[in-house]
């Protein structure tokens, strides 16, 4: 379910079939919690962020024919340079791991308030910059690892780093594109799989597996059931799913088809189907 | 050279041949620096320590058929438990990485002053214990990762963890035996290679590659040349290697055969050859 | 005033008498500040949280016939284990003290966003878990100290830890139930007093004094007057209390009876009296 | 044994009797470890330092008729002021606890290198001063808690704070004299017991129990057995106690009478007995 | 533009002229970002806060005939005392620099939630107090540096520190009044310039340059263009400035005259001109 | 006295005159403390290190016609780059200040154990490198500030950075040569004074005032009297200066002429005078 809605391979027929069966479908990754956050996206991002540096370390070492360089700061050896595009949850957890390893990191994002928040979370020493094309290019050319971790609320991002820049990166450098499920941060990104996780282009190793969290399936499962268990318990207390939807605004956000009608505007626009507001649909019931 | 002396496969013939050719041989890993430390061992230990947690993370994930568990602390999911045997440089750098990842670590060592030093380096929150067999067993049974990082000055350690305890560990747990070059901390340890780095026994994944630093060959090379370059420059300034040995006490520690005579007591005892003190050998020259 | 509303001994007659005298009564602990927080609850919780670990330390030592164990991490001695139920202000300040002492803490709460906030405040090393009954029981059985610091917005919580689990705790362990004013987190909790602060059940020392902050009466007084002084000054500037209520939304939250009518829904429901919305009451005045 | 040597009530007859029985007596608190530290003093000091702030908190609260002040920093309330005389292990652990509680601390010592070491251990924010009488007096008059933690290598210190200054302290302030076993840091100090731990003079609460570590007897026992167990094992491996003494320089430091002769210069001088160097005594044996 | 609105020299004629030309004027410092913060004020405050301690250090040293005192904590020398009035962004960045230098700081503010936020950002060791006149006076008399960093939402503050208190400060102390653009925190404050940045009164050095950020003009320019570039790009995408205003609520906050009508209530009141709500103005257009 | 011996303008006549008068001269900066450190050098280095970043900040700002750049990390603006040559006390305190300001620092030194020590003191995130000419040149060309803080035990260093590299630095960059009293780290360095502290060469601002600590004369005086007061008191207790020298090994290090004979080997060699070992001189007296 998670990947279905995220990966953009949305299919008109799929929704028509749901509607014909009058199914009420809920995208768990769209649910919000009481504090206004999106708990599923947040938890999966914590996992992806924590994992991403470990993957980079793997591909920098010799064992996978990498540069043979450590991800971290050994006394007297200039530290590895890591660039993170984006300043959200993935970036925060990736940066924290990187700092623990003694890596030299730079975070780029165009939202000042996100940069402020991440500086606040990680300490003032963290280098943050707005995305200024020339400065970004210079930094990327000197980097050992570049993490793409931008996230668009509109469901799709435009790449930030052109093929031209990537072709000038140092051989054996590693790109990990966590944003690949929204189209990717790099012009050269192409979706890969856990079976064949990387490809090399211009001498740069690309890791573009969409759902990184599934690398640690058991942890991901626990994290998700931490979110779903209280929801399921509230549904059972509410009497019915419909009552739950009606009485819990934050839960309502997850509903994308309701008894035969599409109720999510973004999806409706993408697949070219009609859409009705869920509040109106619910009001009509009573 | 590094592995030759460390791995214990010392061969009488090898030294006899050196002596017959009146070679002066220097074990770089035996050299001390001006502050009394052993710079090669220290640098390789920094690298091994920084790498060891990344290896553990790799084998805990699904990609190598591990438990599918993240090495780190995701909000709401009990953190992974890591036990480190030993409180030296490897332990310090492994623990620092682990703390950056949000792991729950426990450090065991029998030297209180080492435990104090590591607490001082990592912060008072780090849990340290002397090695009390029953408490250690209980902890290991609940651990996800156990790192063996004890180091003996006498060149050889006796395993600390018996087969019996390992057989009670949770399936899919990971053991990394950094002390394997001195015999290993675990009864079940057997040397593995970078080509076939792991084997599974009692459901526990064992990683026992002796020279972990060679996983990041380029970094290791830089770290070593940071040590050797100033030494070579001092040798060239001293006029001859012999003058260098004579005038630099800290360098002298690295000499194990001197112009036909074995001068390292530990090696002499191991291979059953005669030994003479280097000070006397040098004094005799003048 | 603080205890009157919190301790749940709400009495219908009390409110009827207030109303008959057409008194406007304000519960200071219900007032919100401009940033939406509840300053009185927050300040008293900071004090309670900072105090709670000191109390635990007292009852773990021999002087009160405790286990004779230090609350903290001495080199080479496994650290004391503390469990905190709840992830609010009390938990945050208790945990901070515990970390300063080198204690091994685990925080349990069912709200992921609270666990995230406390991790953010205290550092990623803090172990957080959602409340999963089996895991919680296991942890409690191994704990030296358990702090109950759950807080319900509805004014009353249901205990989380059964008598059965408590009976399996280690003898001499200490329970401090900060939530006792809302009913308590433990089945065995019973209100105690500053005169007789503890009782022992199943060998476990229970400290259940409702208003812990009064242990440090002078500090509590200063903290409260820090909140009230600016309010009183605003009242005097506003001309009358009524004007103050009318023009300050955040202050209005504290009013529970207004000139003869009960205006707090929760109290009304509890004591079985009629209730009218304060906005309507005020609107009616003009 | 620990208290016997420390508390200064050394008795000539005691040593004469030991000698007449040709006993070899070892003061465990005099033993040094391989790194040159004194492990027993160090461990007991860690415990005392960690405990001392908790005791101060107890006597500042109302429960023992203290000022009713919290030991720590509540938002908006000026933090409690703590002064620590001395910059050794007790001071380090006391200060760490204090910092965790948010207390405002000042450390006074006359040894710059000790002040540097403690700043290094605790962070640069810690305020350190050399002991300049006027500045010290001013600070003490404004303090809420004063910890005496000076330690003399010569076994006895002279008080640093006169009765006159103490008489000007704020009523309800707390003095804890950890140095009481060496005579005390305050002119007003007098030994107290765990049964009657405090007395009040000039309105200032004095806590002068000599062996604070025994407040947490179980932890102290574990800490001591962590030190003694490996020693006892080495003795049994060495064949005899005498062999152990002969072959372990660091252990030798603990021996104060050897087979009928006093071998500790400090004790000899104090009790007025003859003394012979242990090296000579041992050499004579072979 | 920045200074024009801030410095209070608002001129009725200026606005009448703007209106007669039917200009739409935007005060960039009034714009809010998507997260509700005011990015220009925030960025300039970060710069001012970071700079303010460096200025204090300059005037404490001998080179400008100051006291010859270091701003920071040298081992064994009591640290410099710095007081910060206010707990906003300037205070946060000033305090962070001060802590890095080892200074002893105290923060005063009347908003508990701001004090909480700054404690959260800087660590619990930071001393925070509400503004209680007597305690504040005592602290100021002992201070080496006092920073005025209060900020009023209403555009103007009343001084907090009277001439009488300043006359009792230690000679050579330094006052920096960052709030001078809103009237200043000190009765003795008078605007100075970058050419003549200080004057001395009662022996106290006063630095009252209104726009401190212009000391580092290049950094300030980069910080501002980081904010304006994305806004200008959104305007060009929106088609026209009017469309931009209409569709971006956060941008609307910056508009103070719209096509001939004053639309900012605060300015209108100050200069005595008529005011109309921007929403109504815009609505009227369609 | 401090500058006399340090600045290298040692004059044969000066010592001959001392000897003819049979003066016993003590260089306080040569005295060692009981822990083996040199307290005067160390204290002056703490002050210089803490001050150096504040000076850099001054010359980067516009007020002295600098680049107009802030020394620190403002959100979204790439942080200032600071390079520190040397890893001793000056470097440690300079780096700590820099980190507090959010600067991006790199430390270069050829002694691995010094780099390790400084990483230990400042945290693993600090970037350390051995001095590799090409890498160093590249870094210096991109730096905003370069601090020269190398210190030779032999009294004189050879510059590390050539005129050629400095000529390629960015215009407006700042060089501060703390090592100027030993000859300087930069080929372009020339001694300046507190009256005319800087000169510009190749567009780079050079600050080469030898005794930076005298910028904060009062603090320096306090720091020195913290060292000298206990020494003077010990001299008065010892009866005579000679007895003091004889009984205090650490104090003896400071004596460079003793009753008519030069006793410091380094000075003797420099000025071409005869030298006798102080131990022999003293022994001869009895």
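As written, the chains take the letters A, B, C, D, E and F, and residue 1 is the first residue of each chain.
As a convention for this text, contacts are C-beta pairs under 8 Å (C-beta built on N, C-alpha and C of every residue); 3 or more make two chains touch, one makes a residue touch a chain.
What you see is a predicted model, and the numbers here were worked out from it, not measured in a lab.
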Intersection of the contact lists for chain D and chain F: B, E
Between A-F and C-E, the pair with more C-beta contacts: A-F
Counterpart interface for D-F, drawn from A-C, A-F or A-B and sharing over half of its contact pairs: A-C
Centre distance in Å when chain E and chain F are each reduced to the mean of their C-alpha atoms: 39
Distance from the mean Cα position of chain F to that of chain B, given in whole angstrom: 37
Separation of chain B from chain E, taking each centre as the mean of its C-alpha atoms, in whole Å: 55
Separation of chain B from chain C, taking each centre as the mean of its C-alpha atoms, in whole Å: 50
Numbers and ranges of chain D residues touching at least 2 other chains: 43, 75-77, 96, 99-100, 102, 112, 116, 124, 130, 226
Overall pattern in which the protein chains touch one another (line/ring/star/complete/other): other
Residues of chain F that touch chain D when the two form their complex: 33-35, 37, 39, 42-43, 96, 121, 226-227, 229-230
In the complex, chain D residues that touch chain C: 43, 46-47, 50-51, 54, 57-58, 60-63, 67-72, 74-77, 96-97, 99-102, 194, 197, 214-219, 222-223, 226
Sites on chain C touched by chain B in the complex: 73, 75-79, 99-100, 102, 104, 106, 112, 115-116, 119, 124-130, 135
Sites on chain A touched by chain E in the complex: 110-113, 116, 120, 124, 130
